[in-house]
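You will see two complexes here that share chain A, one where it goes with chain B and one where it goes with chain C.
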Partner chain A sequence: MAHFNYDPAVIGRVFEDTEPVVVETQQIRDYCAALGEDDPIYTDQEAARLGPFDTLTAPPSYVLILRTGKDFLGHIPRLANNMMDAGRDLDLLEPVRAGDRLRLVSQIKEIYEKTGRSGPMAFVIVRSTVLNQNQQVVAHIDHHFIQRNR
Partner chain B sequence: MATTLDLHCHSEASDDSRAPVEAYLKWIALHRKERPLDGIVLTEHRQFNAAADYRTLEDKYGLLILNASEAETDYGHMLVFGVNRDIMRRFDFKNIRLPAQELIDGVAELGGAVVPCHPGRPTVGLCEYYAHAPALSNVVAVERFNGGSRRGEEERAAALIEQYRYRATGGSDSHLVSLIGLCATRFESNVRTSEELVAELKGGNFTAVDFRPTRQPVPRAGAAE
Partner chain C sequence: MSRFDQIEVGEALGPLAVHISRDRSRRYALMAGMDHPRFTDDAGARREGLPGMIVPGNMSAGLLSKLVTDWARAGEGRLTRIGVTYRAPVLPDRTVTLHGFVTQTDSLQRTAELDLWLENEEGERLVIGTATVRFS
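And now, the complex of A and B:
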């Protein structure tokens, strides 16, 4: 990189695999209440049985409340003295069903550099893959971090 | 027949945009009175997607969609039009310190054209580099109107264009759907392909156009009617 240096070996290295957490029906209901989501396929067991997944599922963004490990931020290569959260991209692949056991497997997906009005910036993309108890990939969450020297 | 194109916009293929190409076209279709565009040129950051095929969308909306790139150089950001296999082989668009003069000359030699964009912008615009480095040669045009400009940036661009007698283009630099077509370039000929676009840029028969609404000053609270 022109302005920022890092070890290319960090790309793709898994640094975290969290303990599975069970998706409880009440948690889904609480999440829906917090969002104002009232679609019965998320809140009503009977309605959900008639829906596309035969059972109660969580709204798609539910996976964003899954917690990464305590040292998650510590594993992000520091390329500059200032780092900020630049948002997350979510790619949903499987429904989250009540009773699922979900875990997050996180790795550095990509590091690249660009220049903007404020000068050079490094972008670090961390991918957390959400897996269920059947080892199915439920979602990819790409966390974007911007780093720059100020 | 004249052709008006937004020469600078980013779709969701760029890392900092979430605008789907079709959403741009829908917006243009809805706002043709205020922004009378014939098409757009996608200038994704640091990349060129040679496989992109927008013919279905072009037919559906009756708009031209061309592909280009926004490269980063040692003189700031530059739009590269008419990108082809030879250009891609010679230049690595991921390199954020591409040598500008080499890019301008090499791209021209291989059938394309380079237009420095938002020249008045700090850090990424030509003006800042001209303050301490020699002026570039063989510049076919620079971007005069940019929909993302902040205060002072367009004045600096205008002064640069006047000083060096550059030709001027316009583009929205849109990263959001509603900003598409705020600025554009009007070509006096019918442009239908990237090759024709490059020929027109080199020929110089075009003008930068600005479709941004003029803002009315907000009256101060308590001011007399």
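And now, the complex of A and C:
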């Protein structure tokens, strides 16, 4: 029995396509410093040149800090009164290079429900696809949200 | 013999102990544009019903990703997929330990599958995950 109601037409509908943002070398350095990433391949041009991409790239997890649109959360269907951020799945297809111009295209990927010990829960998966200036897919970021009534 | 051919199922990544200070956690949150009270100050976090400020989930994901890339890079492997589940809040000013091990290898694809987790000093697994590394 379905415990949560939503309009199935929301699945797959793109709700945001953000303005491209340039990935500055300094931002990559700031990200590494904040995370505690000390591999010089991400911060040192010479080390990067000897690496697999021949140029400065960001750590793979950098895509996690790309800004979604201002109303990202507002586009997530509300099926219950409590919503938790439950995790991320990243498919990493192309490196993020310094100087890239990246944008995010986001859509509701999937909604399903499960009943746990605390009762029914709705799982909403939102996919943000990261595209670079060459229209290559850099990554898919699947945001997992769990909703339940409390 | 290439690095990939030497990998054995069960091989460990880490464990790597990381102290996440309050300042470091806040710095990450501000850098990542996550300037919500829950990630930046205790009083604001308590108003949201949390015990105090918490470490952004993305930071935990980033630390687990680093555990994998440090392991992979030494053998010229590339992280192609990582998934993490936030099971319980990670609190700052504590030491967490990052763990991982190889669960499977695929010699045709030249990939290794990994299980990952971040645990607190009590041994509770606060963040769990899986990843795929592809070797050249």
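Definition applied: the second predicted complex is superposed on the first by the 149 of 150 C-alpha atoms of A that agree within 3 Å, B and C clash if a C-alpha of one lies under 4 Å from a C-alpha of the other, contacts with A are read in each partner's own complex, and residues count from 1 in each chain.
Convention: contacts are C-beta pairs under 8 Å (C-beta built on N, C-alpha and C of every residue); 3 or more make two chains touch, one makes a residue touch a chain.
Just so it is clear, the structure is predicted and the values come from calculations on it, not from any experiment.
In the overlay built on the shared chain, the residue A:G116 is in contact with chain B alone; chain C does not reach it.
Of the two partner chains, neither chain B nor chain C is touched by A:V137. Look at A:L50: by the touch rule set out above, it reaches neither chain B nor chain C.
Among chain B and chain C, the chain that touches a larger number of residues in chain A is C.
When the two structures are aligned on the shared chain, A:V22 is found in touch with neither chain B nor chain C. By the touch criterion stated above, A:L64 is placed in contact with chain C alone, chain B being left untouched. Interface of chain A with chain B (complex): residues 2, 112-120, 123. Taken in their complex, chain C has these residues touching chain A: 18, 24, 27-28, 31-33, 57-59, 61-63, 65-66, 69-70, 73, 76, 78-86, 129, 136. Residues of chain A touching chain C in their complex: 30-31, 33-37, 39, 41, 52, 59-61, 64-65, 67, 84-93, 142, 144. Within the complex formed with chain A, the chain B residues making contact are 15, 45-46, 72, 76-77, 94, 96-97, 121-124.
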